[in-house]
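Each chain carries a letter (A, B, C and D) given by its place in the written order, and its residues are counted from 1.
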Amino acid sequence: MKKLINDPQQVVREALEGMAAAHPDLIRVSLEPKYIYRADAPRPGKVAVISGGGSGHEPMHGGFVGYGMLDAACPGEVFTSPTPDQMYEAAKRVHGGAGVLFIVKNYSGDVMNFDMAADLLRGDGIAVESVLIADDVAVESSLYSQGRRGTGTTVLAEKILGAAAERGYALDRLAELGRRVAENGRSMGMALTPCTVPHVGKPTFELGPDEVEIGIGIHGEPGRYREPLRPADEIVERLLDPILSDLPFRAGDRVICMVNSMGGTPLLELNIVYRKVAAVCAQRGVTIARNLVGAYITSLEMAGVSITLLRVDDEMLELWDDPVHTPALRWRR
Amino acid sequence: MKKLINDPQQVVREALEGMAAAHPDLIRVSLEPKYIYRADAPRPGKVAVISGGGSGHEPMHGGFVGYGMLDAACPGEVFTSPTPDQMYEAAKRVHGGAGVLFIVKNYSGDVMNFDMAADLLRGDGIAVESVLIADDVAVESSLYSQGRRGTGTTVLAEKILGAAAERGYALDRLAELGRRVAENGRSMGMALTPCTVPHVGKPTFELGPDEVEIGIGIHGEPGRYREPLRPADEIVERLLDPILSDLPFRAGDRVICMVNSMGGTPLLELNIVYRKVAAVCAQRGVTIARNLVGAYITSLEMAGVSITLLRVDDEMLELWDDPVHTPALRWRR
Amino acid sequence: MDLTTEQVLAWIQRIAELIRQNRDYLTQLDAAIGDADHGANMDRGFQVTVQKLGNEPPNDVGAIFRTVGMALLSSVGGAAGPLYGTFFLELGKQLAGRTAVSAQEWATALRTAVAAVAARGQAQVGDKTMIDALAPAVEELERALAEGVSLAVAMQRAAAAAEEGMRATIPLQAQRGRASYLGERSVGHQDPGATSSALLLTAAAEILATE
Amino acid sequence: MDLTTEQVLAWIQRIAELIRQNRDYLTQLDAAIGDADHGANMDRGFQVTVQKLGNEPPNDVGAIFRTVGMALLSSVGGAAGPLYGTFFLELGKQLAGRTAVSAQEWATALRTAVAAVAARGQAQVGDKTMIDALAPAVEELERALAEGVSLAVAMQRAAAAAEEGMRATIPLQAQRGRASYLGERSVGHQDPGATSSALLLTAAAEILATE
């Protein structure tokens, strides 16, 4: 295992300390329990938007804490859901009296830990709503009762809901908007190479020298199939076809499109991927109203790419364009 | 070779097409010859700031074209300097009557190609100045007459000089500032894994499973030494010590610090690296006034990190804080 | 024979040992159909738990279980954290203030705790989860006690039932948890959570057997 | 015997062939002390050049060289692009409008072109660059012509001198170009640019020999 780390057991703590050192103007960090929160929290009268999940997906979620996005993020161990005390303490620290919105990726661990935190908070008289992201079309949702995994749409939801909270949306309206975002987002990813969890020390799966995994999850969970490496344009089709036909996205739809590096794939390749994504969408009459091309929801150093399309309406688009200032996403501020 | 590409010979062209599709509000792309330029060029009365170099270092330079940074960027083939006609045509397209500033990394190919372009432009009556970045302390400058390689300081110089040009600095004042920036920046990098040039198809060098290269260049050029992988904190010391003692940086100095991924190293690890960089600087009395932690000047998918420190004065810091809006760097706009 | 605070403390201690010994095995099982962290999660959790109990051992059974539940909840993470957390918190609730617990009370508390786990995970027997080990164990415990055997023997039989339930997860297709994303490809693998649950019951049987 | 436009076109054609044949070899040399692109750069450049010349072959020697220089300049990139571009552009300037070039004129033009390359790269003999092959070739060409041999024989000797200069780069420590960053570690390797320069002169000698 070749990584720039010190102690595999201390990876999350040390990365949090690094983040705190790098962004004192934006965030603060609690180490016991672990959470990242806005330097200017609590914001009275504003719904606190909180997310979290296993570490190893940076910049998500900690990199999205700040003005116009998250109030707090709770990082678990690498690829392991955070624990309820993290969300509970984070919420107590940042809530501004207008309730708490949890944005949760649909993994049973995440769901249960956030649920337990919500129970604890409600016990303290704090209103809590949850938005569940389950957007990974690689999982056939009808077949498996757990539902789909949550991936790229989470990033877009955090931006849009964060902006809405900043505008003063009340909790129920925010939750309703969140469900609308969740329903309209679809993602799928693929891997060229595996990744290695620091405290495990060896790759989470094996791929042959010319093999790729189509439909992989953000923890290296197996995808739909393995096949020989093909040209980028064909890989894009293999990811976009299931995405487009699932919602389905139709001619005339406007979308926010994210082309996301799994961690080890450089921007040069992402731009080649985006080129084809734009061409396919144009051909289908789907308008890419906004885009993100970069590393936003990663799987450690895994090489590969995921594509997310979110069908948007005017409200979502306006909220998307609202100012945001976080370590990893920033505009108009 | 596992990459998300179509044709190894068309990597640069297709990536440019992808960039153009993703950022129509910011940039335009010329394919023959290849250059990226501001959508709102030319800006009358403003010095045109132009950079360029081999591709494979994305987001540098194309990702830095836009408001408050570069007017144009000229990408060569992967790891190969661009040709004079690229800079010549780009400059003709974007210059606003106030002259052209070239920001050039100190590689003989880059230097000669930019020099020839400058000759051509001067032949057309356009004033040209060049700022040479030679900041890589891994190269002992006194021993080799070519001087040092240009690396991370280039990114910081492009931001600061771009802001100054936006403010209306005249060409000579801009060039003078550029030399001051160049003199005050120092960098050093290291690699955990090699990278593969698409049209070569195999890694540019080999590293044992537990071996790292300290002092590597951004094209995989050999560094100062190889050694077994050590904890991140020790690697930071091995990079920072030569940087700090070279200028030298002294207690009381203010710096802009960049902790940069070589491409394949994820943010989780960069944050761990930044933690130690901040600690060492604090201990030496060097104030990190601003920082960048991310992938800004890469070597394809190489895993590794480079550290850049730029000693700043009030003028540089103010210019750093000026608004910038490019595909890869954006704030206050 | 009643269950004492000493036995409960010994039980938790023994679980921690068994998890440590089976850490890599659990992780391997989780690698096949999950994300290769179940061993690490459980080990981290029970190390924290044992340390917490060592610092200030509560002096009733309910308080011990509550401490265990809170410790697991805040240190295991993933799916197993809230599930085992719920399990021990529910035991703590059922047995609050007790320093000795009768066999029958123990069986009832265990049934309630397993039901709480099932509710938390919305899982039932056959979903290929820890419930597949826990539920048969409770059934067998009650059946054995009804037959009039000692608690030690009854726990022995409960542990055996848990192991049987654990092995029975192999041919199942997962309906809950991370393994469910695999669909048919989850078939043919033993569920890691069912395996750790069987270890919990084995530990209990061992502790009662040594008395 | 004068140098004709046909010979010059044949020379460029032959260079392109030799570069293609030695593409991997040049890249290998560049991999050892540079960035493994010299073969690809030169090959790309001469393919573009031959194509340009094929489309609309200029009808004087100077114009041919100017076309070659411009083509190389805009397609090779790296260090070699401006250096070889300068070389041919300077030949073009020296021989502008000429359809036949005497041996003496040719030697003078070549000397001027090599001087322009040295000025562009700020390199001198011994810096472990293409100058180490080009400069001795010019010297030997002039020496041979002064001895009264034919241009064909003189070019033969010039090409041999270039090869000798190329091999002489092996023990040198690079002072210019990418290899200089290696310091002492550049010693023991043959310079790729000196190697491609020797190929240029070999191609010239071959073309003149076949007349």
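Just so we're on the same page, a residue touches a chain if its C-beta (ideal position, glycine included) is under 8 Å from a C-beta of that chain, and two chains touch if they have at least 3 such contacts.
Small disclaimer: the values here were computed from a predicted structure and weren't measured.
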item: Intersection of the contact lists for subunit B and subunit D; value: none
item: Chain of greatest Cα-centre distance to subunit D; value: C
item: Subunit A and subunit B: spacing of chain centres that average the CA atoms, whole Å; value: 29
item: Centre distance in Å when subunit B and subunit C are each reduced to the mean of their C-alpha atoms; value: 56
item: Whole-Å separation of chain centres (CA-atom averages), subunit A against subunit C; value: 32
item: Distance between the centres, which are taken as Cα means, of subunit D and subunit C, whole angstrom; value: 79
item: Numbers and ranges of subunit C residues touching at least 2 other chains; value: none
item: Chain contact topology (line, ring, star, complete or other); value: line
item: Chain-to-chain touches, reported pairwise for every pair that qualifies; value: A-B, A-C, B-D
item: Touch list for subunit A against partner subunit B, complex; value: 2-7, 11, 14-19, 21-22, 55-56, 58-59, 63, 192-193, 209-210, 212, 229, 231-233, 235, 263-276, 278-279, 291, 293, 295, 298, 300-301, 303-305, 327-328, 330-333
item: Contact footprint of subunit C on subunit A as seen in their complex; value: 33, 54, 76-77, 79-86, 107-109, 112-113, 115-116, 139-140, 143-146, 148-149, 197, 199-200, 204, 217, 219-222
item: Residue ranges of subunit D touching subunit B (in the complex, touch as defined); value: 27, 31, 35-37, 40-41, 44, 73-83, 85-86, 120-121, 127, 174-178, 180-183, 185
